[in-house]
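What follows is one structure encoded as structure tokens, with my remarks underneath.
Should a chain be cited, it is by its letter among A, B, C and D, assigned in written order, with residues numbered from 1 in that chain.
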Amino acid sequence: MSERPNVRIVALLCRWCSYAGADLAGVSRMKYAANVLPIKVPCSARVDPQLVLKAFSEGADGVLLAGCHPGDCHYLKGNYKALRRFQLLKKFTSQMGIEDDRLRLEWISASEGSRYADVVNDMTTKVAKLGRLNWRREIAIEA
Amino acid sequence: MKTLQFFPGCSLQGFNTAYYRSAITLGNIIGYKLDEIDDWNCCGATAYFSISEERTFLANARNLALAEKKSKELTVACGACFASLSKTAKYYTDSRKLAYLMDNALKEAGMVYDGKVKVRHLLEVVFNEYPRGELAAKVVRPLKGIKMAPYYGCMIFRPVPAPIPRDALEQLIQLAGGEAIDFTAKDRCCGGMLVNNRPDVGLALVKDLLSEAQQKGSQLMITTCPLCQVNLELYQGAVNRKYGTDFKIPVIYFTQMLGYAMGASAKELMLGSELINSLPVLQGARVSKN
Amino acid sequence: MKIGVYICHCGTNIAGVVDVAKVVEFAATLPNVAVARDYKYMCSEPGQNLIGEDIRHLGLDGVVVAACSPTMHEPTFQTALSRAGANPYMLQMASIREHVSWVTSDPVEATEKAKKLVEAAISRVSLQEPLEKRRIPVKQSVLVVGGGIAGIEAALKCADAGKKVYLVEKEPSIGGHMAMFDKTFPTLDCSQCILTPKMVEVVRNENIELLDYSEVREISVHVGDFKVSIVRKPRYVDSSKCTGCAVCSTKCPGKAPDEFNLGMSKRKAIYVPFPQAVPLKAVIDRESCLYFQKNICKVCVKFCSADAIDFEQKPEELELGVGAVILATGFKPFDARRVSEYGYGKLPNVITSLEFERMTSASGPTAGKIVLKDGREPESVAIVHCVGSRNVNYNVYCSKICCMQSLKHAHLLKEHLPGVAVYDFFIDMRAAGKGYEEFYKRVMGEGTIMVRGRPAYITDVPSKPEEKGKLVLVAEDTVLSTVMRYPVDMVVLSVGLEAGEDAKELAHTFTCSRTADGFFLERHPKLAPVSTPTAGVFIAGASQGPKDIPESVAQAGAAAAEALAMMGKGYFELEPYVARIDEDLCSGCGICLDLCAYNALERIPETGLTRVVEALCQGCGACVAACPSNALDLDGFKNNQIMAELEGILA
Amino acid sequence: MPELSWWDSNKLSFVYERILSLPEGKRIFECMQCGTCGGACPVSFAMDRTPRQIINLVRSGRMDEALRSETIWLCASCYNCAAQCPAGIRITDVMYTLKVASTELGIHHKNSLGPIFAKTMVKQLEANGRISEVSLILGVAKHKLSLLTTLNPLIYVKLFLAGRVKLRGEKVKNMEQLRKMNAWLIASDFSLEEKDRV
């Protein structure tokens, strides 16, 4: 990216696949946008919708959820639960006027370092297009 | 009767009129109508790419844009046209840079292309759109006992492979009652423009093809590309002169072969317009009750 | 709350990009931070001591280490904390190497991101609570899946250590691919001769229970105690009675292609897979058996003096409980048909390397003779490397064994047929290994013609008289830069190694992941090469990636050692991440009950509320996220902790 | 990607950039010099350099030799090399780019009629939008009479009698569109090799 977008994206990464995948991206020295801030969770199923909303309200311009590929979940079916939850959450956030590209669920395995880098870059470009979200302020105004 | 938006290309208008004519005739039998795309321009074949890739992509972008107005599909019979058009369509999606090039140039000419056109080769259409049984049922003049060399040429399979099995033509030949030889050179180069540009080299390639066909006793060569037909046929004499060989193998299009087996007249198919007349061979088919 | 913050330079790995001084300076300004330091290598002894000292003298109760990824050194620093008398779970790491310095080119951006991650860690750690690891007893038994050389070796090692071993093999005999080989490179000792003793030892060793002709149906993954269900396919021969005399198969009229000889010869419907098979018992193949197909014959019954034939045999299911699992399911050879240019399957005398192995083996279909399909001896043979390997159209990886295998074949050819011309087509010769380069030299010395170039195609259409009746390889001799036609009588395609068909299912069954190319994924490519993300499941042999025999054996030993270490310890330490429920908040709605994959949640009969069964909880937190009344929370990943991390990271 | 600074000054570096910017262009760095292309190539027997060598000349900065080689003009564009290349290099596209550059710079090998043929055909194409074999052959024959002698002259007569020769070439009605498109190309000085265009 030539110009550096000032957006911030929180990545909630399952520790078994996606966090390891992110590690691999590092080990392989793949360069990607510095806009993504990783947070480790035990499993994508641990991600409580509250956490995502919290992230937005704390000023995140995008939230990336990442877990193991379907069938590969370390906790058997966690990622399926995450998926179902995500679809509901998505409905909610879109009603709240949060654009589609700002909230994303991806399956990234421990061996897919390059995929992590690609997803991060792609999401950063998309969110950068949308600009800052400033949800925190909006809430403040409502309150 | 399905309508196929059709891109004939320059050569189907000249030396290879027979291909166009027989394609139409075959359509009347098995049920498609060729609807020539309006005001198409030359695909540039291989020559244009050697002068300017950009301009070649533009010329073909125009064709694709014209096609898209009418239908999402464009059927092509000529190998070179198929290659140029499908390659352009592919690179339009592959390369953002080339897409940018084509989009802006088209805009300049007041045209648009959405990258939606599917370029298809006539052989693929015939093979995939019509159940083999259905076609076989239409065969009234089985080409019993005629050994044929199925010759695809390069460009059906490369660079953008048409979605057909590597023995599609063989299957069609068998269904027409004929016998397809195991032609290992079926997708080897016919020499293309080299027969003009470097006759010594080009003729060598033509010779290789003919000699395998002859070795394996084929009485006919079945082509799917006009340039292949021209090279294999027109230059047989030159090859014989250069290498002291005695090739005399008629070369016809798969459309003529099928059409004849399905009862169309030689005239409708322009059979006999070859330099080496194919009719004696075709008429020599063993007549049998079935 | 007193927090110590420690920023690691990791040599220049971090400091080369991140302005460590700035980060330290910044960290010092944050609330609760008692001390912020940086050091060249935090993971080094002095680095750890630095932390220890501060804990003792400043009485820190929280520690943040900003260094490599926690997957790398979290345990290291946790021990550092406990050694200094602090609770290891009062540590939070910020990964400023894998997630910052290694992936960010711009120093300013990198430093900013590092700051954010550090701040997040600080605000998280201040809400963290002391936790204790849970200890789960480990069952003293091992399940080894796959009876190839790797599986055999692993099984024997564990058995020798006095552990109970279940060795599962899906074929009627153990031995795997190695049993099919004739000689082994570079020493050229006979494969059977070195394998057979080990195979026999498997049945002799009373600690090993061999489950031949069986497959793993499913497994419930509970660390320390895997519940495995295994299906034994019916042999239709009572193994306890069968003596392996094979009279039955001499009399049997049913015929089928012999799998062991890759279909190059026929076997009977009732057969002993190969002379050295273990167990040495007959098996009936329903498809070719006249009794099963036409309900006639029964000749075998007539001739079996031990009356071991039992057409009524049904598949039986076994339930096992094991403490550790070793996956050694091996590879499958690349299907040469896919490289259509080489005409395998169409040109009779184009064969694969494995077929060649069977051909040269004295017990093989040609009794050790190298012959063409018409029985003639070849005067010239071409060997082609990298078939299906190092190729974007098939597999991009190098199959590693093919170079040496090809050289071995070149040698065997010269040995069997003095005077035969051998062309060896290679792209790069990879003879890295003990005695390998020497072997390469030796084979060259024997007069094998080395051609550096990959054949483009193989044809039987002659272009000159001398090519009549020959197979012609067309290739560029890239050293001479000339494209040449090489007429030969026989072509041996050195096919690559691919992950087995069942690798995918196995990976699912044992919840371990696979690399892009389909082989099992190790936990760490260098530091945990035989472990998987699933504690207690280990991998060995070619199922983890292309490997030759020495490597497979070595890896099998390593896997056995890992398993034994785990069992020797007697218990497995589970992270203390378990769900907790606040019964005052729980409404007893029961939403969480079905969400738990481990039945770790149950309803309390009296109150109707829910309770967590700690021993079963794996700590995924699926229930926590679902609880509508926030009654559930997850130790180590509490809502308020993650929220604090969010606040910090976005501050 | 290797450092090019040592020959960046070279006037030919634009050819290099152009090759790299083609789809999959950077693959040339992954060439392991296995020679599959040469074996797959039906005309390699006549080439002064095998395709493999051309790729290596290109990536080692010896562009001049690549451009002057006859090989590039012997390439009949059958795409067999590209289809089989284990490294996924689109060799045919590389050859095209070299052909273009060699004609632009006028340093192409003189043995082949290829450049003349291509130029003549493109001239007609850009004038009429379509090609007629007859005028094409005559157009080329202007430069090299021997072209006509490959074929026995009688053949043309036979073809004519068989109704396979069309004397009047067709023309695209809306040539404006083509001209406008090419005009834009020149005006916008778009070139493949430019990096940050899109």
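In this text, a contact is a pair of C-beta atoms (placed from the backbone, for glycine too) under 8 Å apart; a residue touches a chain by one contact, two chains touch by 3 or more.
A quick note: this is a predicted structure, and the numbers were derived from the prediction, not measured.
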item: B-D or C-D - the one linked by more C-beta pairs in contact; value: B-D
item: Centroid spacing, where centroids are CA-atom means, of chain C and chain D in whole angstrom; value: 48
item: Rounded Å distance, chain B centre to chain D centre (Cα mean); value: 22
item: Distance from the mean Cα position of chain C to that of chain A, given in whole angstrom; value: 30
item: Multi-chain contact sites of chain B, meaning residues that touch two or more partners; value: 208
item: Pairs of chains found to touch, sorted by chain label; value: A-C, B-C, B-D, C-D
item: For the chain B and chain C complex, residues of the former touching the latter; value: 166, 184-185, 208, 211-212, 215
item: In the complex, chain D residues that touch chain B; value: 21-23, 42-43, 45-46, 73-74, 76-80, 82-83, 90, 92-93, 96-97, 99-100, 103, 111-115, 117-119, 121-122, 125-126, 129-134, 137, 140, 147, 150-152, 155, 158-159, 162-166, 170, 172-174, 176-178, 180-185, 188, 190-192, 197-198
item: Touching residues on chain C, where the partner in the complex is chain A; value: 69-72, 95, 97-100, 102-106, 109-110, 112-113, 116-117, 120, 221, 507-508, 511, 513-516, 521, 533-534, 577, 595, 597, 618-622, 624-626, 634, 637, 639, 642-643, 645-647, 649-650
item: Sites on chain D touched by chain C in the complex; value: 32-41, 44-45, 49-50, 52-53, 80, 84-88
item: Residues of chain C touching chain D in the complex; value: 341, 386, 390-393, 427-428, 452-457, 474-478, 481-483
